[in-house]
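In what follows, structures are represented as structure tokens.
In the two complexes below, chain A is the common chain; its partner is chain B in one and chain C in the other.
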Partner chain A sequence: MSNYLIETNGLIKSFGNFKAVNGIDLKVPKGEIYGFLGPNGAGKSTTIRMLLGLIKPTQGMVQLFGRPLKSNRLDILKKVGSMVESPSYYGHLSAYENLNITRKILELPKSEVDRVLQVVRLTEVKDKLVKKFSLGMKQRLGIAQALLGNPELLLLDEPTNGLDPSGIHEIRDLIKRLPFETGMTVLVSSHILSEVELIADQVGVIQKGEMIFQGTLQDLRVKGSSTLIIDANPMERALVHIEQMGYTVQVRDGRLYIPEQTVDPAEMNKKLVMNNISVRHLSEHRDTLEEIFLSITREDLKR
Partner chain B sequence: MIKALHIEFLKIKRSKLLILATFLPLFAALQGGLFAVDMKGKEEDLWHFVYLGAMTQFSWFIFPLLITIILSIIARIEHHHDGWKQLFSLPVERENVYFSKLLIGFALIIYSVIVYTVGLIIAGISVGADSSIPYDMIVQRPFLVIVASLPIIAIQFYVSMRFSHVGVPLMVGIGLALPSMLIANSAKYWIYYPWTYPITSALTDTFGPLGKAEIMYTVCGLSFVVITAIGLIQFRTKDII
Partner chain C sequence: MKLVQLIGTELSKQKRSFLWLFLFIIPLGTTGAMLLDMVIRYDDYLFPNAQENGISSWEMLINENHGVLSWGLFLPVFVAVISAFIHQNESKVDNWKNLLSLPVTRGSVLLSKYLIILVFGWLLVLFNALGLILVGKLTGFPESVSFELFGRYVLFQFISLLAIAAIQNLLNVIMKNPIFPVVVAFVGMIVSGILMYQHQQIGKFFPFLYPYIAGDLGKFGFNPDIAISGGLIYGAIVFMVGLFVFNKKDIV
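The block that comes next holds the complex of A and B.
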């Protein structure tokens, strides 16, 4: 058995001729937080639905807890809490009654309902009908529902959708705590990297149904490039010198840009100064994770 | 399965279904009472007129309407806010859900018929019909109407579960019930139109199955089994989008 709690092989889902998910190999290690990223329509929700057996893969295989989902669906789902896309709820019932239904299905003690209500701060409104809830409150209810019984695996599809900034913060903190406190494995999807950057150990980036990156955030950072920005006097001589050193240089707004190359800034400075060129400004710009994310998803778009 | 039933019951607890399943049959019984009042003094057997007055309303429209509403609301509870998605993300067997929904539907339908018969008895007593209640007519026949409605129940359940918009089962149920009285008048074609069966089984004097009772009840049983099975097969494998 591998160490992956979620493992898919060549997962494909077609809607007619359109492949919403096209050959995804998802690998989520046990006890970690996995950020599942991709722009709108990339296929995140479709993938998560397949992980839950809500929709059947056109091809490929889903393994959870090292066992095929197809033949162990009920046993596996007992250990999985989830919220896919918008939260589902019974509007004519109260928050408490909604959670109580899930609690009964999972055969948990009544105290669990109170516990999760507390966790998402809905205790005060637990007897209110859910159709009268605000979007953020429904979202919290959905998360509470997913947390019932402390599942070993938690699948959250854009959990902070519709939450206010403090709510986003709160849920992020909550998710971050889970692996430490309960050993839970969490998969969180989002279309914004910064949303999961602070909590995820691993990320998977999908684009048009294909996985274009999977690994640690550190691995993702390496994919970024840095640019050296120089303002020197006289500019022409500096340009000639740098080009002689073998670098490509762009001139923009009266500054020199040396993109995507490994240049040692200190070394560069020394060389210019030694050639009697005065350096007024020298800085290195590293891509932020967000920029890396945007550039890899954009690159793929062009293909 | 008991658990699944209990859970289904929790879901309908707060809905208006129970009120509806009580109120509509009582309304039909009231019609019977009013009809019998008109006949008072002119006719001997008032029970007969209570029954007739109520059943012309009940078998033709009120009962099919009740079936339509009950089954579409039971399904709508899940369709409405993506309940299927959450339900099937939990460890539940799809067939258990399917059958417990059908059973809850049946329970409500049977409940409404019990209310109806009680209503008929109260109506009869209040208009002063004689003391011996003709149970075979007042109690037995309404239950026979349930059997005659099996195809309607199966079709409505199928449509309700299949289409996420509640308008579809409502339109099918009401649209097909409306012309049933007309078609029931046709000695030749009524047998092809299941919405006439409750009328035929209830108003034997006027319509009667004309020797086709056996065919009718066979069709009822068979179509129910076949349609329910097809519905289940589709339901078990369908993608929850």
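The block that comes next holds the complex of A and C.
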């Protein structure tokens, strides 16, 4: 048995001729936070819906807790908390009453409602009708609902959607604590890398229904390129020298740009100085994760 | 199955709902209308007429309620409204995905909706009948209340609603907008009205007519047993179809 808590094999979902999800092999290790990334319309929500059995896959298999979802749906869902897309709620009921409905179905003690209200800090407004809530409050309520009963697996689809910066921060902290405090495995989807960058151990990046990257953030970083930027005097001789070393050089704004990953900046500096070229500025620019993310999702768009 | 929990939560969801008002207002309206009918026509026309036809005042009152006021024809539309009330909770902000992500079978969810629609429909029937008894008492009918008559009237309607509730439940599952099934029931009512007068043989197979047939005390000559067998058969078949459809449905 593998130690992946979520594992899908060749998961496909077609809507008519359109493949919203096209052969995804999702692998989410137990006890980790998995960032599920992709631009709008990439197929994140569709995938998450298949993980919950809300949508039947056109092809492929979903395994949760090492068991096929298809034949163990009820047992599996007892251990899963989720919030898919926009939060769902009964607007004419209060936050407490909303949570109480889910609590009754899950057959949990009443104290659970108070606990999750506390966790998302809605205790003070628990008796207010949810239709009067702000989007951020509804979002919190959705998260609270997902947390009822301390599930072993938490699926959150864009949980910080509509939250203000402090709310985003708060939810991020909350998610980060979960595996640590309760051993929970969390899958969080987002279309912005920086939202999960600080909390995720693993990321999967999907684009047009296909997984274009899956692995640790470290692995993703390696995919980025770095550029060496040099300001030297005299410029022309520096240019010739560097080209003789076999690098391609671009000249922009009176600076030299070497878009190459394998240049050792110290070595480069030494060679230039030894050839009597004075180096006024030498710096290395590494792609940020966000830039890497944008470039791989954009590359794929061109296909 | 969690059926008990689900039914409990269906009731909780109706907190502060207009459904309760609806449940109160409709029978109030029928009671008021029948009272007016009796005040105006009982002594001079309805009572002597009933005597002539050899029926009791109570039977006459049920006929007035069921046929003249057309309670029996309207009932499916009322049940459709109840079903819409119950389903709109899930369709409004896409609550289906939430509910069905919990460890519950779709079958038990569908069944809980069906039962709750039935219970509310039955309450409506019951309140209407209790209203009639009140009207008879207030008017001062000479005969004592026949509980057999009323028991039968109510029970037959209950069973006829097995079909209607199953149909509306299915329609509300298929159609995203909860109002459309009410429109279907309304069209069903109009068709029932036509079949009742002109095509009684076809009418026997038309489920929207069953609540009417259930209370037909001979005016149009339907055999009320049709409402029993029809209600049971349609109820079972349509519910199974609903189960099949609901189980296959993608919640998107």
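The rule is simple: the second predicted complex is superposed on the first by the 303 of 303 C-alpha atoms of A that agree within 3 Å, B and C clash if a C-alpha of one lies under 4 Å from a C-alpha of the other, contacts with A are read in each partner's own complex, and residues count from 1 in each chain.
One rule holds in what follows: a contact is a pair of C-beta atoms (placed from the backbone, for glycine too) under 8 Å apart; a residue touches a chain by one contact, two chains touch by 3 or more.
What you see is a predicted model, and the numbers here were worked out from it, not measured in a lab.
*Asks:* Give one word, clash or fit, describing how chain B and chain C relate on chain A after superposing.
*Replies:* By the criteria stated at the top, chain C and chain B clash after superposition.
*Asks:* Looking at the overlay, does A:A266 come into contact with chain B only (first), chain C only (second), both, or neither?
*Replies:* A:A266 sits against neither chain B nor chain C.
*Asks:* May I ask you to decide whether A:K78 touches chain B, chain C, both, or neither, giving the answer as first, second, both or neither?
*Replies:* both
*Asks:* Quick check on the superposed pair: does A:H92 touch chain B, chain C, both, or neither? Answer first, second, both or neither.
*Replies:* The answer is both, since A:H92 touches chain B and chain C.
*Asks:* In the overlay, answer first, second, both or neither for which of chain B and chain C A:M274 touches.
*Replies:* Neither partner.
*Asks:* Contact-wise, after the overlay, does A:R49 reach chain B, chain C, both or neither (first, second, both, neither)?
*Replies:* The answer is both, since A:R49 touches chain B and chain C.
*Asks:* Need the overlap of the two footprints on chain A, from chain B and from chain C, as residue ranges.
*Replies:* 49, 52-56, 73-75, 77-78, 80, 82, 84-86, 88-93, 97, 100-102, 104-106, 145
*Asks:* Contact residues on chain C for chain A in the complex?
*Replies:* Interface residues on chain C, with respect to chain A: 2, 5-6, 8-9, 12-13, 15-17, 89, 92-95, 97-98, 100-105, 248, 250-252.
*Asks:* Which of the residues in chain A come into contact with chain B in the complex?
*Replies:* 49, 52-56, 73-75, 77-78, 80, 82, 84-93, 97, 100-102, 104-106, 145
*Asks:* In the complex of these two chains, what residues of chain A are touching chain C?
*Replies:* 46, 49, 52-56, 73-75, 77-78, 80, 82, 84-86, 88-93, 97, 100-102, 104-107, 145
*Asks:* Would you tell me which residues of chain B are touching chain A in their complex?
*Replies:* Touch residues, chain B against chain A: 3, 6-7, 10-11, 13-15, 77, 80-93, 237, 239-241.
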